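Both of the next two complexes hold subunit A, though its partner changes from subunit B to subunit C.
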Partner chain A sequence: MRVLVCVKRVPAPGAKINVTGDGLAVDTTHLGFTTSPHEECALEEAVQIIEREGGEVVVLTLGPAEAEEQLRYAASVGGTGFVLIPNGGADWDPQRTASAIADAIRALEADGGEFDLIMFGNESADAGGFQVGVRVAHKLGRPIVNGIKGIEVTPEGFTAHRAIDTGVEVYKLPKPAVMGVKEGINLPRYPTMKGRLASRKAEIATMELNAPAGGQAMLKLHRPPEQPSTTEILGTGPEAAAAIVDLLDELGVL
Partner chain B sequence: MSDVPTPTVPETATCVVIGAGIVGNCVVGHLARLGWKDLVLVEKGPLPNPGGSTGHASNFIFPVDHNKEMALLGEQSADQYRDLGLSVDSGGIEVARTQERMDELDRRMTSAKAWGIEAHMLTPAEVKELVPFINEDVILGGFYCPTVSVVDSLETGTTMRREAIEKADLKVFANTEVLDIVTDDTPRPNGRRKAKAVVTDKGTIEAEHIVIACGVWSNRIAYMADTYIPLVPTVHQMADVGPMDILAETNNEIGYPIVRDMDTFCYERQSAGSMEVGSYGHRAILHHPDTIPSNAEAALSPTEFPFTPEDFDDQMETAIELMDMLGDAEIKYAINGLLSITPDGMPCLGEIPDVENLWSAAAVWVKEGPGMGQVVAEWMHYGYPRVIDAHGADVARFYDEEKSDEHIWARADESFIKTYGIVHPSEQWAGRRHLVESPYRSRQEELGAAFYQARVWERPQWYDTNADLVERYLLSEREVEWDNRWWSPITVGEHLNLRENCGMIDLSAFQIYEIEGPGAVEFADYLAVNKIDVPVGRSVYTPWLNHEGGFHSDLTMMRVGEETVRIVTGVFDGGRDEFWVRKHMPNDGSVTFRNITMEISTLGLWGPNAATVLGKLTDHDLSQEGSPYGSYLDATVAGVPVKLFRISYVGDAGWEIYLPWDKATIVWDAIVEAGADHGLRVTGGGVYSLSGRIEKGYRLMGAELESEYNPVEAGLARPKVKSAEFIGKEAYLAAREAGAEVRCVSLTVEDNTDSQGRKRWMFGGNEPILDMDGNRIVDSHGRASRVTTAGYGPSVGKVICMGYVPNELAEPGTDLQIMYMNELYPVKVVGSGATFDPDDSRMKS
Partner chain C sequence: MSILLVVLEHDRGDLPVGSLEALTVGRDLAASMDASLEAVVVGDADLTAVAGEYGATAVHQVTNEMLADYGPDAWGEAVAQLVRSVAPAAVMAVGTDRGNEVMAQVAARLDLPFVANCLSVEAGDTWSMTRVQWGGSLLEDSTLTADTKLVSFAHHAIEAAPGGAASPTVKTFEADLDHSYTATMITDRVVLASGVTLSTAPVVVSGGRGVGSEDAFAPLEELAELLGGRVGCSRAVTNNGWRPHSDQVGQTGTRIAPEIYIACGISGAIQHWVGAMASKNILAINTDSDANMVTKAGYAVIADLHEVVPAISAEIRRRRGQ
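The block that comes next holds the complex of A and B.
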C-alpha cells in the first residue's frame, strides 16, 4: 500500500488570536506551530494502515522552510517519506496550492508508482478553506469523499465512513482514491523519544514547484468583537443544587 | 440573569501583594501569621493556577545545597510543605557518570552533614535497588537523600491564601491586572522615592507596602515604579513521557526516587504512570518579560512556551542511555517552561533600594517558595528576616552595572549550564568583566594580574610576575586538582614576602561614602555599635547591627570633620550598606549622603619595610606617635594629597592610603619605585582577603558575621557600651547580659592528609565542625558549628579554619574534627584571637 498524506504547518494559538498590524496574518510572535489536527489524524490512520497492510506513507507539505519541523514530526510517528514544497512563507490560495500539490503528486507517482490513497485533513486549522483536497482530486481525476471518520481497506479499494446527523454514510471507493479525514477517526499517537531521535535523520525531498494564483485572495483578518460574558451565581453550597438542576433541564442535557 | 458587578478593589490597604503564585501566597500567609491585617492580593491570571511556573514546575526539592541560604531555606520550605500535608518524601538520587562528579558528590555529602540532612553514598548496584529501571553500567555511584520531596505548590498556595483570608481578612482579586505603581516623586535627601499605590484595571489601592511577587513578570511591574529587579525569564525544558507499566504499577504520583543525572544536566521524576524528563543541559534560551503572552494568548499557559525539540535531542539520548525504557515511551507533553535566573544565581528578596516600601519577592523557585515568602514577610515585619541571614538574596546587593538587561542576559547565558554543574567556590565569570575600570589596570595587566571579580570590581588575586617567589620560598602546586583550581602558590609567596619585606595591595574596590551635616555624627552613631563621636582624624572599626542585634555590617567609619563622617566598607557589602544608610538617614536636611567611591582609590602598604618605603615619599611622621594606630590623617605622598590610615587587616604594620582617583597612578608608581630596594612586591588580594586575614582571625561580613550572630558571640563586643542610641542597642545589651553561648574561634588543621595519602587544602567554608565522635555540634538556637572561612596560613604552616563553637568547646587546645570532601580531619581550637602573632607585636613595630 502506498499512501500520501498532505499536511499543513499551522500556528498553535491560545484562546485569543492576535492579528498582525497589517491585518494579513495571524501574529505568531508567541506561538508554536503544529500540524492541523485533522491531518494529524490522517497521518495516524495512514500509519495504522501500513502497519496492517505493509507499504509506505509519504508525507507532503506545502509551506515555509520551517515546515520541515512538521515533516520531522511525521517521521517521528511513522511516516516513511517526506516532501516539502516551499512557498516562500506566504500562504498560497487554494487553487495555487492544489495545482502545485497535484503537480508534485504526478511527479512522485512517475518516480515511485501510483499512490493507492491520498489523504488530506478535512480542512486546515488556520484558513479552513475546505478546498485543497477536492481540487487536487479533481485535477487528478480521482474520487474523493470528505469528512471521513473510518477507513477499511478492501480487495477492491476502500470503504469509508462519514458521520452525518442521522447516522453514518458508507462509501466504497476504488483505488486510487482521495479522502478528507476528520479528527476523531483515531487518537493520534505521540512520538516516542526514539522516534523523535530517528526523525532527525529522515531525508526530506524539496520540490520547487509553482502555479498561477487562483481567484481567491484574502483581504484582511479581523478579530470578532469580544462577546461580553455574564456570570450568574446560582447559589452557594447545597442550596444551589436545585437551581443547577433547573438550568440543566432548561438546556436539555438531562 | 443578573450581571455580577465587577469587583472593585478597596481604596486602601496595609499591603498589596502582586502575584498569587507560590511566593505571593506564602507572603500573604506569613504576613497573616505575623498579625498583619488589611491585606490585598492581586493576580493577573485566574486562580488557583494563575499561569506562572507554580503551575508547571516539576515541584521537587533536593534539600542539599552548598550555599547556606539556599540549603536552609530549601529545608525550611520543605518543612512548610510537609506541615501542610502537601508533600511526599520521594527520596532522590544524584548519579555520577564521571570521577569528577563522584568527588562533587563527596562534597555534597559534606554539605549534607553541615546542614544536618540525611544522605548516603550509593554504589551503582545500590542505586539499581532503589531505581530498578536504571542502567547501572553508565554510572559510578549515587548520592541518595531520603528527604527529597515532591510538593504540591498550587494547593500550598491556595492553603496559605485561605489562611490569610481567615486570619487577616485578605482580599483576593484574580484576573486583575496591575497597570501602574505610583510613587511619590518628591526628592528627598536620602534619594529614595516612596511607593504609594497600585493602579489596577479594577481601581487604585493606596498601600503602605507593595510586594512584587510576580516571578518571571517581576520586572514588568518593577518598570512601572521606574526600578529594576535583576532577573531574566529563562527556559527550562521538560518533557512528560509515558505511560510505562513499571511506573503505573506503583499506583502513586511518585513511587520511585527522583534521579538527577548530574553529568548530563537532566532529571527523571516519576509523575504517576509517566516520567518527567527535565533538562538544564540545553543552550540558554532567554526571554524578555514583555514577550510573555497573556493567559488568553498562550497555547498552554503563559510560561509554557512552545517546545523546541532540537534543543532537547541530546538530552533525550542521554536519558535513554540511563533508562532504556524511556526510548519507547511517548512524549505526551513537552514545554519550554520559564523560570527566573539572576546574575549571581541568588533570589531577589527585600526592600527595593530606590523605592521605599516596595518589596521584591522574586527569582524564587517552587523549591524555596514558602521559606522565602517567610523571609520577605519577616523582613517587612521585624525589619530583618529572623529565619535566616539573607544577605546573599538581598535585592540591595546589586550595583548599577548589574541592573541591566545586557548584564543579566550575559550572566544567564553563561550560568544556565551551571545549574547542575560542578561550580568551584572560586570560579570566575568569563564574560562581563572589568565593569569598573581600575586606575591601575594597565599596570596590573603588565604584572600578569590574575583578576578575580568582586561583583562589578576586579581585584588581582595574585600577580604572575611574582612567580620567582615560589622558588624563593620553596613552594609548590597542590596535589589535588580541585584544591589547586583557581589558586596559585604565588599567593603564598606574596604573603611570605609581605611578612618578610612588604607588599602593596590595590584596595580600590572599597566602597566609600560620606555623610555630612549638623546631624551627621549623631546619625553615624545611630548606625554603629561603637562610638563615632571621636576626635577628627580618628577612625572606628564597628559593627552595624539590625534591630534584633545581629550583624548587618562590619566596617570602618572615620571622623574626617566636625560634621563629616566617612564610611568604608567591602565591595561585597556596598549595595546593602549604602541602602542601610539611605534607609535610616534623617530626611530633615540635617544629613547629606554622598557615594565617593569613584573619587578615591585606596592602596594598602604593609610589612616590616612599609614605613621605610613610605618614608621615602612623605614628610609625615610615620612613627606610632605621628601616625598612631587607627588614625586617619592628611599627608602628602609623592606630591599627592592623601589620607593615611594606620590600620592592618593582614597582621603587619602599615597603612591604607586613600588618594584621589585621578592621581592614583602617580602614587602607585612612586611606591613601586621607592620599594624596589626594600623587597616590595605588588601583592594580590589573596593575601588581604584570605591568608593574612585568617592568620589574624579577622572576621569578615558574610562569613563569620551574619545576622544570626551578635558581637558578643563574634568576640567583637567592647568592654563598655556607648550612651548614644544605636540600631539594635536593646538587643545588644540583652546579648551582653546573657553572655555568649557560642564563640567565634580559629582552629588549625592538625593533619591534612586524606585517606589516599594526599595533602588536602580546605578553602571556601561551610565544612561542618564535628566532635571527636563525628557528631554535628548544634547550639540551642539550632545553629550548627561550621567552617565560616578556611584557608592556608603560610606563616603558620597550617590550614586555618574559623567558625562558631559552643563555649565548652572554645577553649584553646580543644580537639575537634572537620569534614572536607566527605573525610574527617583533626582540628585544634586556637582560641578567639589570632593564630599568627597573637599579641600584635608586628603591627606595633
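The block that comes next holds the complex of A and C.
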C-alpha cells in the first residue's frame, strides 16, 4: 500500500492567541509549532495501515522551511518518505495551495507509482478553509470523502466511516481514493527514542513549485471583540447547589 | 435581477437548523445584493414550504435517481451543473462539515474560490468578508474576487428566524450524473445515539482533566441524565482515554450550543472554548478561579467538582420529591 499524507505546520496555542503588529499572522513569539491535529491523526492512521498491509507512507507539507520540523516528527512516528514544498513563509490561498500539491502528487506518482490512498486533515487548525483536499482530489480525478473517523482496507478499496451527530455514515471507496480525516480516528503514538534518532537522518526532498493566486485574499487577522464577561460566582462549595438549581430552573432546563 | 442560491443541507429530507440559519443570513444578503433569494434542494425532498417561510422566492429541485441519498461528489456535481445553468451571482450554504464539503466540491468543479465560515459579508463587485480562523479564536478579513461568489456561513453564528414569507416557485433541474459518482455515495448508516445528541442537547455536562479518571465521570452522567442532557469532555480527557472522542467538545470535536454548558474541571484552552462558546449560558465549576473557563463563564462555582456535582443532583432530586 502506498499512502500519501498531507500535513500542515501550525502554531500550538494555549489559552490565548495573539496576532502580530501588522495583523498578517499569529504572533508565535512564545508559541511552539505542531502538526495540525486532524493531520496528525491521518499520519497515525497511515502508519497503522502500512504496519498491517506493508508499504510506505510519504508525508508532504506545503509551508515555510521550518516545516521540516513536522516532517522530522513524522519520520519519528513511522513516516517513510518526506516532501517539503516551500511557500516562502506566508500562507497561500486554498486554490494556489491545492494546485501546487496536485502538481507535486503528479510528479511523485510519475516517479514512484500511484498512491492507493491520499489523506488530508478534514480542515487545518488555523486557516480552516475546508477545501484543499477536495480540490486536490478533483484535480486528480479521484473520489474524496471528508470527516472520516474510521478506515478499513478491503479487497476492493476502502470502507470509510464518517462520524455524524447520531452515529456513522459508511462509504465504500475504490482505490485510489482520497480522504479528509478527523481527530478521533485513533490516538496518535508518541515518538520512541529510536524513532527520534532515526528522524534526524530522514531525507527530505524539496520540491520548488508555484501556482497562480486564487480569488480569496487575506487582508488581516484580528481577535474577536472580548465579550464583556462578568462572572457571577454562585458559591465556593457544595452549598452552591441550591443557587445552581435555581439557575437551571430559571433557564427552563430543570 | 441577480440570484443568490442557498444550498439547503439536508439528510433524506431532514433539515438541520444550520440550513435555516443559511436562509436567514441569505435573506439579508440577497437584499443587500438586490438579488432574489432562491433555495437549492438536492434530491426529491419536499422542503418548499419551509424554504418559503424563510423567504426563498424559488426552489431549485435538483433531481436524479442517484440523489436519493448523500454523496459529496454527486451533490457537488449536481449543484455545479445547476450553477452553470442558472448563473447566480453567489451561492452559499451553512458551514457545517457537509455544507462546507458540498461547497468545496462545487468550487473545485467550477474552479472558483470558496470562502468558508464567514461571519459577515459585504457584497459588491469584490466581496469583503470576515471569517473565522482557529475555529473562531481569530477572525480574518478577506476579499473574494470571482464571477460567482461561493461562501459558507459559520454554523451557530446567528439564530435562525423565519421571515419574508414567500410562496416559492418550484423549478426542477435534472442533473446529468454518470455512474462514477456512486463511488462516494453513503452505502450504510450505523445509528449510535438516539434522542438528544451532544450538538442538540439543551444541557451539556462536561468534564476536563480535573475529573481525574474514567470512573469519576459517573456523577456527571447522573446529572446529565437528570437534566435530559448529554455528557461532554475536553481534549485532555479524550487523549487520556477516559471518554470516546465522540464526546469531545472543541475545535476538533463537536461544536455545541446548549441552553447551558456546565463545564467541570475544564481549564478552557482555546481548542475547547471555540467548541463551547456558542452556548447560551456557561457555568464553570473549578477550583481555580483564574482558569480561562471561569473568567469567560457567566456563572461559576469555585469549588471541587467532585463535591459540587453530586450536590446538584441531590438538590434536583430533593425538589422533585424523589
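Worth pointing out:
Note that in this section the second predicted complex is superposed on the first by the 236 of 254 C-alpha atoms of A that agree within 3 Å, B and C clash if a C-alpha of one lies under 4 Å from a C-alpha of the other, contacts with A are read in each partner's own complex, and residues count from 1 in each chain.
Going forward, a residue touches a chain if its C-beta (ideal position, glycine included) is under 8 Å from a C-beta of that chain, and two chains touch if they have at least 3 such contacts.
Predicted model only: the values in this text are computed from it and were never measured.
Contacts of A:V245 after superposition on the shared chain: subunit C is touched, whereas subunit B is not.
Of the two partner chains placed by superposition, A:P86 touches none, neither subunit B nor subunit C.
Judged by the touch definition given at the top, the superposed model places A:G55 against neither subunit B nor subunit C.
Look at A:E232: by the touch rule set out above, it reaches both subunit B and subunit C. In the superposition on chain A, A:P64 makes contact with neither subunit B nor subunit C.
When the shared chain is aligned, subunit B comes close enough to touch A:F33, but subunit C does not.
When both complexes are overlaid on chain A, the residue A:R196 reaches subunit B alone and has no touch with subunit C.
More residues of subunit A lie in contact with C than with the other chain of the pair subunit B and subunit C. In the superposed pair of complexes, A:A127 makes contact with subunit C only, with no contact to subunit B.
In the superposition on chain A, the residues of subunit A contacted by subunit B and by subunit C overlap at 13-17, 230-233. The residues of subunit B lying in touch with subunit A in their complex are 1-4, 241, 291-300, 305-307, 309, 313, 316-317, 319-320, 326-332. By the touch criterion given at the top, residues 12-18, 29-33, 189-194, 196-197, 200, 230-233 of subunit A touch subunit B in their complex.
Those residues of subunit A that touch subunit C in the complex are listed here as 13-17, 19, 26, 37-38, 93-95, 98, 122-123, 125-131, 134-135, 137-139, 143-147, 149, 161, 163, 165-174, 177, 182-184, 187, 214-224, 227, 229-242, 244-245, 247-248, 251-254. Interface residues of subunit C, counted against subunit A in their complex, comprise 70, 72-73, 76, 95, 97, 100-101, 103-105, 107-109, 111-117, 132-146, 152, 183-194, 197-200, 202-203, 227-229, 238-239, 241, 244-246, 248, 251-254, 259-260, 267-271, 280-281, 283-284, 292, 294-303, 307-308, 310-312, 314-316, 319.
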